[in-house]
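As written, the chains take the letters A, B, C, D, E and F, and residue 1 is the first residue of each chain.
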Amino acid sequence: MKKIEAIIKPFKLDEVKEALIESDITGITVNEVKGHGRQQGHTELYRGAEYVVDFLPKVKLEIFVNDEFVDKTVEIILENARTGKIGDGKIFISHVEEAIRIRTGERGHDAV
Amino acid sequence: MLFKILSILGIASFAFAGELNTGDTAWMMISTALVLLMTPAGLAMFYAGMTRSKNALNTTAMVAGAFVVGFSAWIIAGYSLAFSDGNAFIGGLKNIFLNGISWKDLSGTYPTYVFIAFQGMFAAITVAIASGSIIGRMKYVTWLIFAFIWILVVYAPIAHMVWGGGFLMNKGTLDFAGGTVVHMNGGLAGLVLAILIGKRKGYGRIAFKPMSVMLASLGAALLWFGWFGFNAGSAFGANAIAGLAFLTTAFAPAIAAITWMILEYIVYKRITLLGAISGIVAGLVGITPAAGFVNMFGALIIGLGSSIIAFWGVVWLKKKFGYDDALDAFGVHFLAGLYGALAVAFLAIKDNDLLWDGPLKATGSRLAQFGVQLESVVIVSIYTAIGTVLVYYIASLITGGARVSEEEEIEGLDEAIHGEKSINL
Amino acid sequence: MLFKILSILGIASFAFAGELNTGDTAWMMISTALVLLMTPAGLAMFYAGMTRSKNALNTTAMVAGAFVVGFSAWIIAGYSLAFSDGNAFIGGLKNIFLNGISWKDLSGTYPTYVFIAFQGMFAAITVAIASGSIIGRMKYVTWLIFAFIWILVVYAPIAHMVWGGGFLMNKGTLDFAGGTVVHMNGGLAGLVLAILIGKRKGYGRIAFKPMSVMLASLGAALLWFGWFGFNAGSAFGANAIAGLAFLTTAFAPAIAAITWMILEYIVYKRITLLGAISGIVAGLVGITPAAGFVNMFGALIIGLGSSIIAFWGVVWLKKKFGYDDALDAFGVHFLAGLYGALAVAFLAIKDNDLLWDGPLKATGSRLAQFGVQLESVVIVSIYTAIGTVLVYYIASLITGGARVSEEEEIEGLDEAIHGEKSINL
Amino acid sequence: MLFKILSILGIASFAFAGELNTGDTAWMMISTALVLLMTPAGLAMFYAGMTRSKNALNTTAMVAGAFVVGFSAWIIAGYSLAFSDGNAFIGGLKNIFLNGISWKDLSGTYPTYVFIAFQGMFAAITVAIASGSIIGRMKYVTWLIFAFIWILVVYAPIAHMVWGGGFLMNKGTLDFAGGTVVHMNGGLAGLVLAILIGKRKGYGRIAFKPMSVMLASLGAALLWFGWFGFNAGSAFGANAIAGLAFLTTAFAPAIAAITWMILEYIVYKRITLLGAISGIVAGLVGITPAAGFVNMFGALIIGLGSSIIAFWGVVWLKKKFGYDDALDAFGVHFLAGLYGALAVAFLAIKDNDLLWDGPLKATGSRLAQFGVQLESVVIVSIYTAIGTVLVYYIASLITGGARVSEEEEIEGLDEAIHGEKSINL
Amino acid sequence: MKKIEAIIKPFKLDEVKEALIESDITGITVNEVKGHGRQQGHTELYRGAEYVVDFLPKVKLEIFVNDEFVDKTVEIILENARTGKIGDGKIFISHVEEAIRIRTGERGHDAV
Amino acid sequence: MKKIEAIIKPFKLDEVKEALIESDITGITVNEVKGHGRQQGHTELYRGAEYVVDFLPKVKLEIFVNDEFVDKTVEIILENARTGKIGDGKIFISHVEEAIRIRTGERGHDAV
């Protein structure tokens, strides 16, 4: 079982979501975050003070999948979140030991 | 309109021409202030609240910017083009920058300067209304330039034709407070702009969540409050006609709100706050041309009909034709304004103390009056449409295109254009 | 009240009965607009700001909905039941839908239509006040139906008894601008509803965080602004009595706000913005029945006392009895209204140009006046309580129960009922 | 000022001294209500919207608290110290708590009580303006105590000198509606406080993001609306001078907003909403001392200049000297007020029906008038500066220091001091 | 040392929190997220346009515990977050290598 | 490759961020969270009802780094987030299996 964390541009969320759901990857948790990376933020003005906004709004997807779904999930995200411009974000994969569905108490593979 | 004002005042108040009446002056000043409030506070919050949060501040800026630019254009030349002596279509240039008008001059029983300010507020809100159709995709500078030119090229001539001694006025059109001049005009300009500039990216596919319907409802409440100045102020004095216009301006929107809620309940099994306030605004627009002409029954029919037609415009017509009239300036202001302007021919009380000179007063024929009403809405619409296209292309040319870049649109105009956010938590 | 108005006007202004006075007309129109502003803008934001964010939009919708429904009910039949000729308890039906009243009719020195609109704003705000006790758990349609019937069955008779020629008016009750008719009435109706519909889930256990006290404070400021129309407008003319009512309406709430801040500082070692604005509103309510009767000393005592009693009601009484008066419509409006209505017997200036006919004016006896005041608050309270229970069950019956489902309550009424959110970021 | 009022009224309205005029009374009451609205609604939202969200509620509370305390101080003793008979510097004590003034007394053609309320609103907003310089770091109780004493020790004497029969009034200073008394006074008090209390932690290093410029713009719109009462109300009647002041109060801010937008566009290639509304407020401040003296050309120059000087103050001067005038009370109110107060000497129309007694009216010399204007701004500034230092130390002493702890400042005053949040989502 | 991530219904947060604290599991970090799963969102209206809100508000708890506390923590969440209806959410458990308390610099077992 | 999660006090974010960037650790994702721990919340008033706010605002940093950067990153956070008072927060480190840069498709070490 793996956890896939994908940090993407907010306006790509809808496309990614729809593509995932079409491929039956329906369990998704979304988090609004702010990111710092290579992408440069824009400047903001405030009564004559100019400052750079260095944290940009990003969306983080967390998707827990059984191992056999990892590749497909990653592929879909790569395809749908890419604009080709700096700031497109990253995907990280890590190992998860257990999953439990609260409603039923199911564990493991079936719970994901 | 000055002639009309005088004749109205002669009947309904006790003022003598040439003498300042403090009560009328007080009423006209507060009315003018109320109409100011409608734009940078009422309309701005009403519109911004319905916009996605990434464009809400820009929406506010569009409305506020249109207001300051529009009012300035009015003082600089708009007033002169609308109300100084001219021909059947447009006024002259002799009052450019209010040249030749003294602070002591009176317009009926109150200072001409107050009349000028009152009319300027009407001009400014009209162009601000149009912004509702095109939020989320227009360059800010283009918009400001558009607003300035539009006041001079489109608004002032129409105001002259209908109110300033032009030919529609002489035909006897009944338009108590600006159903044609303000609402149809602004609403149609909005539609024209929306078509010219194109749809927002993702329109019809992505859910455009309104930033805050609650804020929009505060805006609607401020609009209603200000509208008493708009409508009852259009009696040009604190008289019995103002009292009538006041009461209908309270009643028709209440009925319209209930109507919209019922329509929603029937169609969607759900009543929304946005629906309630859309009804209020539709009712306010609808009663505008009729406020000082109809009784409670007339106000009821106007309230009912305004909501029904605006609901239809927003829910059905817009979908059908697929234009992106973002905040329904056309769907609400044009359609309800049109309805009110036509309905007044049938609903106006036959009371010669109320009626303006025209077919209904002269012959009692509602059909003849309807003909005149129809003529004026058609002429205003045609003029607005052509003028708006023209001004759009001029403003667009000056600023190298009217539309923001795709990236800016996606990021949201608040940050991309203004470098500001509607809310920082 | 019409008799009172005339006698007041005879003293304080220079108008002749039967002639329209433009200054009075201007003042009554703007006062009416101000009272409109109080409901969909002032009260709506005041209440919504104090509500949890998941129910804030619904709260706004309750207030706005009550307003449009209440005002419509007023025009349709409420005005007639309150102010047309009738018996000691209720008016007649002859002015249904304003039948028989012309736009030219005057009420004293200004148009009757303006008087009708002014009174209609009072009716509508009264029922809207009651909503504060029951937010977060009532079906929206039930509420709208309740509001409509309540105006006719509860508000109109009370307005008739106290102001419209009914028996409390003839006894000489002093209620300048609606301490009994509006605030006690609305506040008590709220309490009755809160008890009938039951507490919110989690009440007393979970922290109910107000969405935005800042928004509530904007609402309170708009209320204060509008209240000048409410109170000084109740002089029914731009006269010296209006000036007195104006000044006390500025001073008493300022004192009340300071009082509440001091109480908080003593009890909690902390001053809150919610405390400051609660004080302002308590002071406004308290001064309402007394605004045109007391001098600065009276206003001071009213301001002080209103805050103390409302603070006690909100902090102690509510906890003690455990009812869920969500936004303290009872704690603030009923209690401070009650206090003001009783205190006026002792604080009214003995000046026959100010006093209305009644024991104090006739005999100079404050105790006798107190008796009349007491009688009227008791009778109003009993009538309100019984009437509200009745109307609640009727509305409840029509809509198959008054309370939303538990799921809807937990999800929040904004999304569950209206499918909208107060803010989308 | 009373003398001036009478002479103005004699010319511009038809009222006879000693008789209440309903139109004037209506106008003065609504003007007073409008000025009330400016503080707890307009200024509060304008300021809170520009504050970081962790201090926004505190900012609202500072403004609202200053208002209730300031207005109470005014009734208790401020009015007497400003307007009752006294010497060249300060009034007497005979009208303490409005002692000796009856509700029937008139001030010209409207009730003295309304005059007192109107002036009280001016006092209260002045101290509230000062709060803008020091938000985010002051103890709330210190602030409330400061506000109370400051009204009596600083504001009342200045009002007496300039308007209440003191020596600056007798020299013939032209200050139509409070450029010196209100804006320079409040703005300079702000700067003095900002220097005394020190900078906010992180000032100049961390980006202080405004909570909501959209909210600030709602505040600015409400300010503009209220300012019609402020300026046109300062004609003390519904007359032609009021009409002039009304129109300039609409035009100058519109021009000022456009000016600020253009400056931003030139300097930063970006137009912000904050810029637009800063321009509006600068224009409003600048036109205040000149509103009833200048024509459209004068209003244009005032609008242009006010924006330029305030822009310079906010963008350059503040950076240069490094003081932390948080919301630019000094940069906008003092500087634009100063500019307007001086410019009026050159821009006032030479029309003796408008001019107040003074050098310009007597001799036609603009330079001589400029001398008087200069003298009065210098004297007001010196007195304000010294008085503010004094009152600051007194208030500070009473409350054991004026500044909150570092932890409280970091956590944010909303939660640390009031235990509240501006928004709970 | 384990990281327990639990995605639950927002209105269950208070109950879960209280139960955890009573059992001396006091270190909790809470995140407001939006979730997509089997639970159907409600429809929203906007001027005649009807759309389904497919991301529903959820709360994500992150609790870092030493291994011996894992079972108890999971149990408490299961008990207190369950409504039995679709959308109750899930619990995921993964391995954590190190913990450090910023204030003291303590590491490992004691730092959790 | 590791994931470093640091829960810190919000007002320390700027300092931590600047220090990290100066040391060339530029990929940072920031999350506004609410935390419960040993730190006591303040009380809030609401119309006479007094209640303790037990969740305090915190900021969670997520930084994915290659193994050789872990120590430096932790050190910088420790140094810059510490106030010495309760509530300073914690750092957790766990293993990550894979990283992918969406823009380029790069994987592993280079993608972080």
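Everything that follows uses one rule, which is that a contact is a pair of C-beta atoms (placed from the backbone, for glycine too) under 8 Å apart; a residue touches a chain by one contact, two chains touch by 3 or more.
Just so it is clear, the structure is predicted and the values come from calculations on it, not from any experiment.
Within the contact network of the assembly, the step distance from subunit B to subunit F comes to 2.
Each chain gets a centre from the mean of its Cα atoms; for subunit D and subunit E, those two points are 52 Å apart.
In this assembly, the C-alpha centroid of subunit A lies 18 Å from the C-alpha centroid of subunit F. Once the centre of each chain is set as its mean CA position, subunit C and subunit E turn out to be 46 Å apart. A straight line joining the Cα centres of subunit C and subunit D is 33 Å long.
For subunit D, the set of residues touching two or more other chains reads 21-24, 26-27, 30, 209-210, 238, 270, 272, 274, 419-420, 423, 425. For subunit A, the set of residues touching two or more other chains reads 31, 44-45, 94-95.
Counting only pairs that meet the touch rule, the chains in contact are A-B, A-D, A-E, A-F, B-C, B-D, B-E, C-D, C-E, C-F, D-F, E-F. The touching residues of subunit E, when paired with subunit B in their complex, are 44-51, 53.
Listed in rising order, the residues of subunit A touching subunit F in the complex are 2, 6-8, 31, 33-38, 54-55, 58, 60, 74, 77-78, 81-95. If you check the complex, the residues on subunit B that touch subunit D are 19-27, 29-30, 32-33, 36-37, 39-41, 44-45, 48, 56-57, 60-61, 64-65, 67-69, 71-72, 75, 97-98, 103-104, 106, 110-114, 116-117, 120-121, 140-141, 144, 238, 417-425. Residues of subunit B touching subunit A in their complex: 206, 410-411, 415-416, 419-420. Only residues 3, 17, 21, 26-31, 62, 64, 94-103, 105, 111-112 of subunit F touch subunit A when the two sit together in their complex.
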